[in-house]
Structures are given as C-alpha cells and as structure tokens.
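First chain A sits with chain B, and in the next complex the same chain sits with chain C.
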Partner chain A sequence: MRHLAVGLFLLALTAGAYRTAWSAAWVYEDRATLTSATTTTGWQRVITYATWRLTPTPRAAHLLNLMCHLVIGLLLAILARRLGLTALGMWVVVLLWLLHPLMVETVAYAKARSEQLVLIGVLLALIAASGRWWRPLGLIGISGGSLFALGSEPSGVVVFLLVPLMVWHRQHAQKAPSWASWWMPAGVAAALIVAGVVWYGGLWAVVNVDTEAGITSVSAVTWWQWGLAQSGAVWHWCRTVFWPAGVTPDLDVDHLSPLTQWLGITMMMAWAGLAVRYSRTRPLVTLALLWMLCMIGPRLIVQTPRSYLNAAQFAGAFMGLALLAGYGTEQWRQQWTRPF
Partner chain B sequence: MCGEVPVGLVALLAVVSVALASATHRYASAWTSDPTLWAYAVTRAPEKPRVLNNHAVMLASQGRLEEARVWFERAHRAGHSPDLPLWDNVEGELRARENLIALKALMNMATKVASR
Partner chain C sequence: MDSTLLAEARLFWPLVVAGAVASGGFIGLLVALCVTEVACELQQMIHDYTSVHAWTHRHVRKGA
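This part shows the complex of A and B:
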C-alpha cells in the first residue's frame, strides 16, 4: 500500500511536470527526423523510425516519449531491487530519473526518443544479465535487449560493455555452471564489437560518419582535442545534476574553459580509481561508477562531426549517478537511525 | 519513524521531489516551440553561433525584424558560421518581399547551420 502511494505520488508529479507534452509543437530537428523516418530504409534506427511512423503528430510523439520515460523508470526500479537496493534506495533512483530537469530533453524533444529506446533495450539486457544469464530465458533477454538497443540507435553498442560488467558484478550472487564463466560474455561482446567495426568499415565506424566529407571534417580534429571537449561536456552535465540551472538545449562546448575540460578528465579518472578501491567493500558503488564510464567512454572515442555530448546522450550515465544516490541515501538512513 | 524510514527523511525526499518537478516543468516549458526553445537557449549559450542564429530566425519569423537584426549580428560576431548571409542582404529580402519565401530561406539557412 505504501509503495502504491509513493508510486502514485511520483506519477502525479511526473505528469504535472510534463503536462506541456499535450500542447508542445515540433522543435529543432523533430521535423527532419520525421521526414527521415518516413523516407529512410535499412536496418539502422529501424525501431526508432518505426515508432516515428506510428506518431506523426507532435502530441502523439511527445506522449510516447513520456511513456518511454515512465517505462525506463519502471525498469530502473526492477534493476535497482535486483542489485540489492532497499525500497528506499529504489525510490530515490526512480525519483531522480522521473523528475530531474536534466532528463527533460529525452522527454520533451521527440528526436531524443532514440536515446530512450536504447536505454530500454540496455535495461532489459541488464535485468536479464543480473539473474541466471546462462539459462535460455536469460540469454533471450540479453539478446533481445541488445538487439532492441542496437536497432534503436548506433549508440546502443554500449550494451556490449554493460552486459559483461553486470555479469562480472553479479558473479557471486548465484552459482553458475562451470561452462558459464563470468568472462564469457565479455569475450563474446569483444568479438562482436571487433566484427561490427570490421564489417562497418573500420574508421567509418569509429568516426561515425557516412561520407568522405564527414571523414575529412572529423580528421581535422585530433583525438586529444575531441576527448578534451567531450570531457568538458561531461563535467558540465555532472555539475548540472547538482545545479540544474545550467541545463541547456544546446551546450556551447567550444567555449568551455580548459579548466572545465581538465576537471572532466580528472573526475572520470577519480571514478575509475574509486571503482577499483571499492570493488570488494562496496561492489554496488563500483558497478555504478563503471556504468557511468561505460556509458561515456565510447563518446570520448567515437567522433561525430560537430555533435558533442548533449543532455539526452548523458541520460545513460545519469542512471549510474542515480544508483549512487540511491545507495548513498540508504547509507545515510542507516547513520540517521543508528542510536547515539 | 514512517515504517523503516525516518519521517524527516521522507519529508526531505518529498520536498526534493516537488522542487525537482517544479524545475522540470519550468524547463520543459521552454521545449514547447522553437521560439521558446531558442529564446531560452540564448540565455544559456550566449556566444554559440547556432543558438544565436536560430533565435534570430525565430524572431524574424515572428516579424520582429529589429530584434532579429541584433541577434543575427551577434551570430556573425560569434564567428565560424560562413554560411550565414549578411544581415543587410537578409533584411533587404525580407522587407522587399515580406512573404513566406524569405522566411523559408531563413529557415533553410538555420537548418543548414543547425546541422553542422
């Protein structure tokens, strides 16, 4: 009963916060995306485009985005419980996901639905991977979730990093048969990534462009410059988690200071260091930190011409922060209730 | 205590929820149309050419040409937007025709810049 009350409370707040979904018009590149969805053929973004063809009006599109947002909240709740968070921790994770202003772009910008669909696929795969993954149902869940993520947006490739991470994290949670070692999914994922890059044409996959002109424009930027710029964006979005006033539809990454860029790099190195440090004593902290690095890592390497990390693309990493917040709240509660 | 969770913590989380929902609603309101989106965006990225240009286009499409002129010029000063036309050319076309063709051209330019 108490869970129902909390759920309805959050649902009501979410519906109220996003009530503009009923009246909002197309914005920014929505119209271009709708055109692409109706004219493009092929397997790339096949799921995303299928949803666009089902929602040709702004109201339908925005309501579908809102529904995806709620579905992701539900999947996050299931995963949080599977990972051992208490009800309090789970609700904190869901609360942050549903109501944080940083997530507005994924809901209010219809084009960002592709990122939502990737996250749905990733979460389905992770929920399957957090259980007895070697069983038929687990393998179906991982495969289905992975295909869903990859069919929604190329960035769905992060599923190949997160599933092995989840299996590794859960290796002691249940006894696996001897043939189902924790490293096996990592080996399969690595092989799939290599095969995918080779099949896609090597450099073409790494720079995420489809034309010679695109290759040229990307080649004008060194990996170091690209990584620095993206690191600055990572710092900005992390700061926005704590101070949402900085949230913006079009972050000016080119004008972020070198200090911001270095703070971003330092922060991510600190995440890696803390992940190692807490791997035995607080494995959930390690999982959340590595989750964030896996979500961000490919974007430090894969160059997309003139397209820096935006708020919608940061949503996957935000989930790791939400898990940390849920875990931290639990720890805080224990301190709070400890007798003096 | 409220169940296993202290009442103070429950109250704190409720306040945080309402505060976040309020901030989310404010920001979501900026995403209801292109004019509101770019008007908000220029307050957060006041030196980004794409943002400045798109805001100017929105103002021009609303017939607020004098305001649009200021923002177009700021977009030019912000730099690296060689595809943007000089304001004088745009203004001349707008004043001469004052029809949808000019606005459509502006929108095309904005899209071109936005896609870079």
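This part shows the complex of A and C:
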C-alpha cells in the first residue's frame, strides 16, 4: 500500500512537471524524423519508425514519449529490486530517472524516443539476464529485448556488452547448470559483434562512417580528436547530473575546453579503477560503473553518424549513476540508523 | 521578464526560507537549495523543449 502511494505520488509529480508537453509543437528535427519514418523502408530503426507512423501529431508523439519514460521507470524499479536494492534505494533510482532535468530531452523531445526504445529493450534483456537466464523464458527475454533494442536504433548494440556484464555480476546469485557458464553469453555476444562488423563492411566502416561520401567528410577527424570531444561531453553531462545549473538543449561540444576533455578521460579511467577496486567488496558499485562505461564506450570510437553525445544518448549511462545514488542512499541510511 | 524566470523566482525563495525555518539549520538550507535548483532547472528544460519561441530564441542567439 505504501509502495502504491509513493508510486502514485511520483506519477502525479511527473505528469504535473511535463504538463506543458501536451500542447507542445514539433521542435528542431521532429518534422524531419516524421518524414523519414513515413518514407524510409528497411529494417534499421524499424520499431522507432513504426511508433512515429502511429503518432503523427505532436500531442500523440509527446504522450508516447511520456509513456515510454514511465515504462522505463517501472523497468528500472524491477531491475533495482532484483539487484538487491532496498525499497528506499529503488525509489531513489526511480525518482532520479523520472524527474532529473537531464532526462527532459528524452521525454519532451519526440525525436529522442529512439533512445527510450533502446533503453526499454536493454532493460528487458537485463531483467531476463539477471535471473535464470539459461531457462527458455530467460533466453526469450534476452533475445526479445536485444532485438527490440537493435530494431529501435543502431546504438542498441550496447545490449551485447550489458547482458554479459549482468550475467557475470549475477553468477553467484543462483546456481546454474554446468553447461551455462557465466562466460557463455560473453562468447555469444562477441561472436555476434564480430559477425555484425564483418557484415556491415569491416571495422573501418563501423567506427568511422557508413558511406563513401561520409568517409571523405570525416577523414580529417582522427579517432583521438573524436574521443577527446566525446570525453568533454561526458564530463559535462556528469557535472550536470550532480549540479544541473545551466543545463541547455544546445550544448556546444566543439567549444568545451581541453581541461573539460581531460577531466572526462580521467573520470572514466577512475570509474574503471574503482570498478576493479570494489569488484569483491561492493559488486553493485562495480556493476554500475561498468554499466556507464559500456553505455559510453562505443560512442568514444564510433563516429557514425557523427553525433556528439547529447543528453538523450547519455540517458543509458545516467541509469548507472542512478543505481549508484540508490545504493549510496541506502548505505548512508544504514550508517545513520546503526545502533551505537 | 521571461515568465519562466518569474515562476522560478516565485518558487526559489519561499522554498529556501521554508527549508531553513523548518530544519532550523544549515543542512536544511542546503537541501532546500539543492531541491530548488533541480526543480528550477527541470522547469527551465521542459520550457525549452516545449516552447517553439524558446527554442527559436536559443538558436538565433547561438547563431545556428
């Protein structure tokens, strides 16, 4: 009953905060996306484009984005509980997801729905992977979630990193049959990634561009320059998570300072170091840190479609931070309620 | 003045004062400040994404 009340309260807060989305018009690339959805054929973004054809008006599109936002909140709550967070930790995760200013782009900007759909697919796969993944229901959940993520946006490929990570994290949570070793999903995912890269035209095509014209246009951008720029964006969004003053829809990544870029690189290296440091004592911290690295990592090297990291694309990494916040809150509470 | 800024001003100080008075201390003031900051930024971002005027204004100012 108490959980229902908290859930309804958060639902009311979210609906109230986003009330202006009902009457909002298309902005920026919304119209272009709608045109693409109605004219493009093929399997890429097939799920995203199907949702756009179902919601041709701004009101319907914004309503669907809000619904997706709430669904992701629910899936996050389920996953948080399954990972062992208490009710307090779970509600902190959900609260941050539903009402953090950084998440506005995924909700109020209709074009960002593709990222929401990817996250729905990834979370479904992760919930399945966190249980008895070797059983038929688990395998169906992982396959279905992965296909949903990949059919929504190419960035859904992160599911091939996160599912093995989750299986590894949960390897001691339940007894698996001898044939279902924790490394098996990692092997399958690696094989699928290699097959996908070969099918797509080789590593160069994947990490750089997907057309001849594109190769010409970005040949002057080295991997290092690209990685530095993206690292600067990572630092900016992380700083915004902790103190959202000045958060803006039109971040100019090209004008972020070299200091910001190096801070981003240093921070990600610190995440990796802390993930190793806490792998035995605080495995959930390790999971959350590696989660963020898996969500961001591909964007540091893949230049297609040459999109700087935006708030919607950072949403996946934000989930890792939210898990850390939920875990930290319950640890803090235990510290203060411990008898002297 | 921008209506959002007005709303922000209306929200800001009452929350800060209420938080400080209710807690009677520094931590309450800090919490009130943080909650208010996040609420104001949330409101500003939603305004930026749902108002064609705000969107155009931002991009004209940026020169994009």
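As a working rule, the second predicted complex is superposed on the first by the 329 of 340 C-alpha atoms of A that agree within 3 Å, B and C clash if a C-alpha of one lies under 4 Å from a C-alpha of the other, contacts with A are read in each partner's own complex, and residues count from 1 in each chain.
Definition applied: a residue touches a chain if its C-beta (ideal position, glycine included) is under 8 Å from a C-beta of that chain, and two chains touch if they have at least 3 such contacts.
Remember, predicted model here, so these are calculated numbers, not experimental data.
After superposition on chain A, the partners chain B and chain C are seen to clash.
Of the two partner chains placed by superposition, chain B and chain C are both touched by A:104.
By the touch criterion defined above, A:243 lies against chain C but remains apart from chain B after alignment on the C-alpha atoms of chain A. Looking at the shared chain after the overlay, A:294 reaches neither chain B nor chain C.
Of the two partner chains placed by the overlay, neither chain B nor chain C lies in contact with A:68.
In the superposed pair of complexes, A:337 makes contact with chain B only, with no contact to chain C. Here chain B and chain C are compared by how many residues of chain A each touches, and B touches more.
Once chain A of one complex is fitted onto chain A of the other, the partner contacts of A:88 are limited to chain B, with no touch recorded for chain C.
Of the two partner chains, chain B is the only one that A:9 touches; chain C does not reach it.
It is stretch 21-29 of chain B, out of 3-11, 21-29 or 93-101, that runs into chain C when the two complexes are superposed. Shared contact residues of chain A, touching chain B in one structure and chain C in the other: 17-18, 20-21, 23-25, 27-28, 99-101, 104-105, 108-109, 244, 247-250, 252. Per the touch definition, chain C reaches chain A in the complex via residues 37-38, 41-52, 55, 58-59, 62, 64.
Residues of chain B that touch chain A in their complex: 1, 3-6, 8-9, 13-14, 16-18, 20-34, 37, 40-41, 44-45, 47-48, 50-51, 111, 114-116.
Within the complex formed with chain B, the chain A residues making contact are 2, 9-10, 13-14, 16-21, 23-25, 27-29, 32, 88, 91-92, 95-96, 99-101, 103-105, 107-109, 244, 246-252, 254-255, 305-306, 329, 332-333, 336-337. Touching chain C in their complex are the following residues of chain A: 17-18, 20-21, 23-25, 27-28, 62, 99-101, 104-105, 108-109, 243-245, 247-250, 252.
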